[in-house]
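Below are two complexes that have chain A in common, paired first with chain B and then with chain C.
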Partner chain A sequence: MLELRSVSYRYAGYATEVLHEVDLRLSDGEIVGLVGPNEAGKSTLCLVASGLAPASIGGSLSGTLTLDGTPAAGLATHQLAERVVVGFQNPNTQRSGIAATVFEEIALGPMNLGLAVEDTVARTREAIARLKLDHLVLRDPTRLSGGQAQLVGIASLLAMRPRHVILDEPTAQLDPAGTRLVGEALRSLAGTGTSLLIAEHKTDLLDGLCTRIVVIDGGRIVLDGPTSEVFDDRRLAGLGIEPPARVRLGRLLGSRGVDPAVMAGALTDSAR
Partner chain B sequence: MTAPQGSADGDAVLRAEGLVHVYGGETRALDGVDLAIRRGERIAIVGQNGSGKSTLVRHFNGLLRPTEGRVLVEGRDTDGQRVAHLSATVGLAFQDPDRQIFAGKVRREVAFGPQNLGRRGADLQAAIDEALVATGLDMDAQTNPYDLGFSRRKLLALASILAMGTPIVILDEPTTGQDARGVERIHLIVADLSAAGRTVVAVSHDMRFVAEAFARVIVMRDGRIVLDGTPAEVFAESAWPTLASTFLEPPLAARVGARLGLGSTPTDAALEAALAGAG
Partner chain C sequence: MLIGGYLGPLAIVLLGVVPAAAIAGVAPRLLRISLLLTLPIAISVVLVSVFTRAGSHVLFNIGPFDATAEGVDFAGQTLVRLLAISTSIGLFGLTTEPRSFVLDLERRGLSPRFAFVALATLEAVPAMVERAGVISSAQRARGLDTEGSVRARLRGVLPLVGPVILSSLTEVEERSLALEVRAFGRPGRRHLLWQIPDSGVQLAVRAALLLALLGSIVARITGSFPSLP
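Entry: the complex of A and B
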């Protein structure tokens, strides 16, 4: 379990806090969606939940982050990385810059965990297969398209088989097929007991993936509940959050007395 | 469904003829693209990652040069024209804003493009102000771009292109990382550009944005154009197999409309109108 208790945070050099008394708990195997308007604190919350802030980027934090009962504050960087990994919005931020091929880039994570070579290779191959990256393994990681780089970034995280995963807009640069692929990979990772926090604007993706949705606004958590309840909440529009198409069109069809089975059918039309 | 070719598009501002682009002597990113875009059109290009969308639009401002075929901008072959010269006609906002941003202040960043095009004084200041207001960055004119979050750096990259006042504006994945309000803002910018007679070409994975903000949609697969028509045409049930062949899905509104036998309803609004008409 990953738990934030009463966490407030401000960046180094800034006078004001960007997170205010955030309480958040990720149970094992749970996929939690994090939504909110731009600049609400989603990316900051990702940095804090992964322990990067303040450990790596400074700033001032009050409250606690605990990982499976261990306070993150006392952990060294490598111990933190064994417990929680983070994927950034812009995959170019995440790339190691030292790997010559995509294969090496993905292998770097498990290698740094001190695994034996055969384990590193096995995990790397598994992550590559899961995200269908076989055709890219020998490519230079600095010469990928935005979408390819994002898939490689996610494969790098999967290869570490982390207990907890924090993802900041993992599909921002992906096409619909890549987005579905990532969704399937994350669902199967959660099936192994890993907990995930996913900051995303694509509520349609979260709708089919998450058990719970947390809404952040102005650095505070303003809604936290089961996916269907939160996405059906009428306050979302006022927060600048688009409900999933299922909810938007469901309301429209409901007001016209259309059989809900039509929506259910249309949703499966997409499940190719 | 194919857009008229030949004499009917004599007023094309962008034209690709038999365009082939091969990267590094092996990857055939564009495999014979013929396309004419008329002045003032709002046109979205969709397709899988690697289908050639970004490669195609980078030919329009000379960042990439054809391996075979040719590209004409306002009737002139881009061959031999410098990027610096083409950039007075074609503005391209990159997918990754950090490849574009370099100045220490938002206002300086936005000023760079129009200044390079020779704009000065009150005219320059007006162009900057207009772009900052359109992107909602007017309160951040003195901010360091790297103090902005990703979504606003993206809007800044867009503002820098808008301020250049180019007759053709190309947007590569403009809605990436934007919340609902940000997408709405970009939607309005596209509409305003088009209303002012400027041509807008966008590459996007966001099918809802594409269906709502654009009048013409081009679907690419393996470096070729496989569909070209209005959103109602491209997202009509008859086109779904072609969309599926490149792993694209019509918006949910289109799928619901088809199930109800309402014809092609690519947007929430089109579905609502069709329901009202049927009721």
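Entry: the complex of A and C
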């Protein structure tokens, strides 16, 4: 379990805090979506939940972050990396720059953990299979498209086999097929007991993936609840968050007098 | 006496560098680059050595400066050494892609940290140039004049400096965070993925070159090799 208790955080050199009294708990196997308007503090929350802030980037933090019962404070960054990983939205900065092939890029993390070659290869192959990257393994990581690079970046994190995964807009550069692929991979990862926190603007992805949604605004958590409940909340519009298509369609049909239950049945039938 | 003086450097160039460059198909380019690299130094070496080196055999004089045979000999020996150095480095540069070279060394056990520093250094300038190009295009799209007179170009450069430097710094920070997430800073041994085949010939050539290097150093220290006069 990853848990933040009363966490406030201020970047080095900033006069004010970016996060205020945040409480957040990710249970094992749980997928939690994080949404909010721009500048709400999503990326900062990702950095804090991963332990990189303040361990790596500095700043001041009050409150506690615990990873499976162990306080993160005092853990070296490589010790944090064995427990929790975080992926950023720009795939170009996810690339190590020291790997000749995609396979080696994905294998870098497990290698850094000092694993035996067989274990490194097994983890790398597993991550490659999860994201269906077999056709890219021999490619130069510097010559990938944005979407391919993003998938490779995510695979590089999954190869670490962390207990907790935090992703900041993991599908920003992906097409719908790539987005679905990432969704399936993350769902299957959660099935192994890994907890996930996903900051995303694509609420449709979160709608089908997450069990819980957390809404952040101005550095504070303003909504936290089951996915359908939060996405049905009318306050989202005021925060500039667009609900998923399912909710918008339901509202539209509801306004035209169509029973949502009838619509759901029709959608299920059409899916068959 | 065999390796020093003129014969040694010339032997390196003619028997080692030139055949290798010809096999690699880079001999004309190598010649051009080596001459370009060596020429400025060569001119100053010739002028300084020929006319300022003291000697008993004066060949001719220009004003107060005597051109001596000893000076010509010194300049000649220096030039062939410069030629050996510049062609060797040039051949390496023309036949070895730096990124591939560092990555290959890493596969053979070079520290990933060293590889990262080396490659980041190699790639920093091209990356900044590329970023500057993107930002410049964006600025032009918004009406900034970056062409024309020198003054207009200078005016166009100034708005680029801030975004290029700031985005470079941000990228460096994100990249280092992404590496830390993958335990890059973990101390201790890493098991290499590759076992590069090393043939007997390669081993023998490496050993011979190493022995030749050590032999050269010993010979130079003991005075078996001539030093410049």
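We adopt the following convention: the second predicted complex is superposed on the first by the 258 of 272 C-alpha atoms of A that agree within 3 Å, B and C clash if a C-alpha of one lies under 4 Å from a C-alpha of the other, contacts with A are read in each partner's own complex, and residues count from 1 in each chain.
Assume a residue touches a chain if its C-beta (ideal position, glycine included) is under 8 Å from a C-beta of that chain, and two chains touch if they have at least 3 such contacts.
Treat the numbers as computed from the prediction; the structure is a model and nothing was measured.
Novice: Following superposition onto chain A, is the placement of chain B relative to chain C best described as a clash or a fit?
Specialist: On the superposed model, which is not a single observed complex, chain B and chain C clash.
Novice: Examine A:120 and indicate which partner it touches, taking first as chain B and second as chain C; both and neither are also allowed.
Specialist: In the superposition, A:120 touches chain C alone.
Novice: Have a look at where A:148 lands relative to chain B and chain C in the superposition and call it first, second, both or neither.
Specialist: first
Novice: Would you check which partner chain A:92 touches, where first means chain B only, second means chain C only, and both and neither mean what they say?
Specialist: In the superposition, A:92 touches chain B and chain C alike.
Novice: On the A-aligned overlay, A:160 touches which partner chain: chain B = first, chain C = second, or both, or neither?
Specialist: After superposition on chain A, A:160 lies in contact with chain C alone.
Novice: With the two complexes superposed on chain A, say which partner A:111 touches: chain B (first), chain C (second), both, or neither.
Specialist: The second partner, chain C, only.
Novice: Mind working out whether A:227 is in touch with chain B, chain C, both or neither, as first, second, both or neither?
Specialist: After superposing on A, A:227 lies clear of both chain B and chain C.
Novice: Could you point to the stretch of chain B, among 45-53, 63-71 or 99-107, that collides with chain C in the superposition?
Specialist: For chain B, the clashing option is 99-107.
Novice: For chain A, what residues appear in both contact lists, the one with chain B and the one with chain C?
Specialist: Touching chain B and chain C on chain A: residues 90, 92.
Novice: With touch defined as at the start, can you tell me which chain A residues reach chain B in the complex?
Specialist: 36-39, 43, 89-90, 92, 145-148, 169, 172-179, 201, 204, 240-242, 245-246, 248-249, 252-253, 256, 258, 262-263, 265-267, 269-270, 272
Novice: If you look only at chain B, which of its residues touch chain A in the complex?
Specialist: It comes out as residues 47-50, 54, 95-96, 98, 149-152, 173, 176-183, 205, 207-208, 244, 247-249, 251-253, 255-256, 258-260, 268, 271-272, 275, 279.
Novice: Under the touch definition given earlier, write down the residues of chain A that touch chain C in their complex.
Specialist: Those residues of chain A that touch chain C are 47, 50, 52, 56-57, 76-78, 81-82, 85-88, 90, 92-100, 104, 107-109, 111-117, 120-121, 153, 156-157, 160.
Novice: What does chain C use to touch chain A in their complex?
Specialist: Spelled out, the residues of chain C in touch with chain A are 100, 102-104, 106-107, 112, 115-116, 119-120, 123, 171, 173-193.
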